[in-house]
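Sharing a structure, written as structure tokens. Questions coming.
A, B, C and D are the chain letters, set down in written order, and residue numbers restart from 1 in every chain.
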């Protein structure tokens, strides 16, 4: 029973198959191959928009490369304290951008709000050489709290961003989960809502190691390709990265996977909801749950072999834990976890 | 007929198999898994030495992370102008090290010499704040010219390096090819010859994307792990990277592969040697050939569908081309290439 | 009437005199001169402690060089949102440190508190590679709000810092003003209270361009001198920077100047206090006042030629303005300002 | 007798006077003052061209800020191995540019040649993501070898640079000395010869610490001002830096000073020329001499109190030494040095 993260499970069968198929013969390296070209075409179809698309192998690389491309070293990126770029990437945005600043803006349920962004921007006077200069806003979809921005929420943020000359980045490590929740088209969820650049996640949703940075405006690509090479993220046998993303996109495997992990999270939530002392920290939109459980329940689950993360120290006899469902989490594990939690 | 690079072919069958095996069930992420632990143990056995070993997905990342760990930003790394870190990584060493300098030292056949290193160090006064401070020497084994350092050559360089307080890095993107040529043990070719850190290459020799930075001294690891994370090179589903390297090492697939690509290079060389106007630029130790061919021969080969790189402009009716043999290059392609080249 | 900043006035007469004296004949450059050696000795006497002392020409350089020396690129520096390093240095700490992060901790009157620091540190798990690693705390004395930390406040912060393995930096651009307020010795205000590194300010207090980074522990100096050179802050004719600081220290000019500017601030405060609608945002410990004045009063002052900064937009008919007194502000200007402000 | 460097002497009397004058009253800080505005106007007159001009306090800062503005982090700057930016700034160009590369091109007498630049550019394929991308050429005028580029030499280099899309930077730490030698106008020596950005030196020629980055094209300024602030080089009391440069320019003090130091170098050369065993390493155009003297002569000079730098180890009984004349070097010292050298 592993609910630690959606990166604890491996790859979808279709991805492994795609590997074997991609392995046949020689092909140009560094992304000049046919699979990468096909991926670019598929991404354009998927998003109903011309895109400049660059596969990389980690979400941290996707985010940091995207953000570094959007901001000068003296720039600032407004983001939520819970964002992965803030909390879990060891300063990768600062490294890739040569020292740009993450400016934090609060907001409930792991989501930025226009009001909080405005507040954060107040201290940064445009054109004043003493201040870091706001360059971008970054939102996470689905968020690190397991919630999803509604389209109107994104629209409100992108409207503010545009009015201030800021670009909007979306960390979509769990973009598929958000889309499965929202039920809208990829286009609606991104460029139509004002997103300029998307980190399109594959790894957590059935790939081995495959993400893509998707620009909806070629003018924003600038020196991205030099940055990718220079940071060691231009994989020589790129076709294998592209093959993974193709395997997920073609045949809608990515949405099938995301729907399954979202559904498992709902099952978990439903099963835990009426246990005494249980409290959910956030709405459960995607595939993660943050739930307060009595300490003795937490201990019992661990004793029984359940893996998950504590999301803070015990307080008042309860501990906030994080449970993440993967596309590959066995249903039996979800049922087993619930049963264990309920058995007083 | 693709002789462009050894990264144009895919993965060895054993690597694909290892993927499938590794895909079973859940496992800790970020390198806390059993395969990565096993890889570390295997590496220690292989090198007959305690090692600190860190898998990454590209050779550029391996080199740049290793070098950045060895040098401060105000430091200098002595290397050959033909080194991959100089010629083909778009300034990755400078990026990862926050601006350390590559100081060039010449040497025939793509190899550094102690004399050239001494000459390069002359301009850098130790402890003088106006000068960048020498911190490391980096050699490439096999070199970018298809040659290999003999053990005594490495020993001479490491001796000089140690006497000056410099660490010795080996870019081993084609380490297997060098080892197959030298016929010595991995230990003899590295730490016993004075190498401090090795970029152990897997990708060019049968992996999809797998390299490892191997430290022979734990004290040198310093902040490597933060650097790896911060640069987006800590792969979450690490077991799949480790699985590739394990598949290559266990069963000696890596040496089998390297021996085959070296042998194909010898076959090519033998087949081309007595063509009129043919001239080899360097000795052929590993799996790459640099050969001058008459322009009309070059054109005929290209017309017939052979892929390879020009290594400079046509001069005196001949062009220097590079031919690289992969573990997976079909023998028929080698034979076909020779036949085409010989048919006047 | 210029109350914009204490950097709007020039140099003390003693500093100009020192220039002329220092100008005689030739001397070793880059800090190998006798004046710099004498300054080092005087600083040691002043602080009753062995020091490693490095003159630079701007406060931003002093702060950023000090902080970059204390933190690795993957490190974090805890500081107050109002700190100069956060609000007014265009990301210099990030630039010099190659991308370390400023982690903000709140606190009233522009001062950090141990509780706020603890809260900020909560999110950063020591040794976890995904998190930036806390390395230092930086406090500003006197603060950007015109207040001063009491010795016990510094002691509480340094105690916490030490218990967490963090170094304590003090931005002392207005250190003289703080000392004049506290009435204690330089030693009591710094190393005896647990400060590891001090940015000792001269410019705002009577120098033309002279600050010094003062380390109270030689082991912390590390690669500081390379950083200073590499960032263009090793002035060739260093003796003239040292001469300025010597002129301030010898004869206690620095304290005389600071006492005067503090006293002028008190005069201003006293003169403004009982005007209707007047409100002080912070206690007035040093030489800066933050005061809310009716908008019509603000307009009248500006019309009459008074220069000062608005510290936010008008709210409820009043505007928060900042008034800074310099060692060289004419008493008549202070009186004139008060008179203007009082004339309804 | 100090011939170590032209930064061993202090400031011209006019500069000290200018300080005193500038010290009167309050003025806007950070370059918004009248003296800085006047300096900008004077510079435009001097160069007969609209300029964007930014005072800084060290030559290293001027060079590194100028170069970082001209090149992206993945860029390359072609320069001579003897250039100050290569040999004496501890990697400042790399630091300020976030890791751009200095690509070396040889050339006699410390001067780059178009042929050497072409050769250096050969290895860097434009638009190829694996290669650092050439962005600028930097020349030093007068050179570190005491020679000067003729106008036609600069023109040939700038022509090549322009044809390759590279910008031309001139390190003019001793620009006045070059101008005094060439006898042409500042305009002829810079933008009319194709120079895009000039580091205009004041410190070595009579200022205490004053240089200026002079852009001849406003479009090239880009984010220079953020870079200057972010690197701690925006001096708050800027008027004192500007005052120094004004004092040098107004009244042609800078040329008077440079003519004097050049003339002293000629006197030295003349006096040493016919001593047995004397050999000059380079033509003596400006204020520096590189001369081989018998070791016993070198020893005798040192014993007599002469200060100068060895420019390499003793070879064949002779040592190459560097002698630099300052605007303030006493004539008696020059005569004394010659006399000592001649007395067998």
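Keep in mind that, in the parts below, a residue touches a chain if its C-beta (ideal position, glycine included) is under 8 Å from a C-beta of that chain, and two chains touch if they have at least 3 such contacts.
The structure displayed is predicted, hence computed values, not measured ones.
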Chain pair, A-D or A-C, that carries the greater number of C-beta contacts: A-C
Contact-pair overlap exceeding half with C-D, pair selected from B-D, A-B or B-C: A-B
Centroid comparison with chain B (C-alpha atoms), farthest chain: C
Centroid distance [mean C-alpha coordinates] between chain C and chain A, Å: 41
Distance between chain centroids, defined by C-alpha means - chain A, chain D (Å): 51
Of all residues in chain B, the ones touching two or more other chains: 73-74, 89-91, 95, 98, 129-130, 226, 229-230, 234
Topology of the chain contact graph, where touching chains are joined (line, ring, star, complete, other): complete
Touching residues (chain side chain D, partner chain B) in the complex: 73-74, 81, 87-91, 94-95, 97-102, 104, 123, 129-132
Complex contact set, residues of chain D against chain A: 30, 72-74, 98-99, 129-130, 133, 223, 225-230, 234
Chain D partner contacts - residues on chain C that touch it in the complex: 2, 4-5, 7-11, 16, 19-20, 22-29, 56-62, 64-65, 89-92, 95-96, 203-204, 208-209, 226, 229-237, 239-241, 307, 326, 328-329
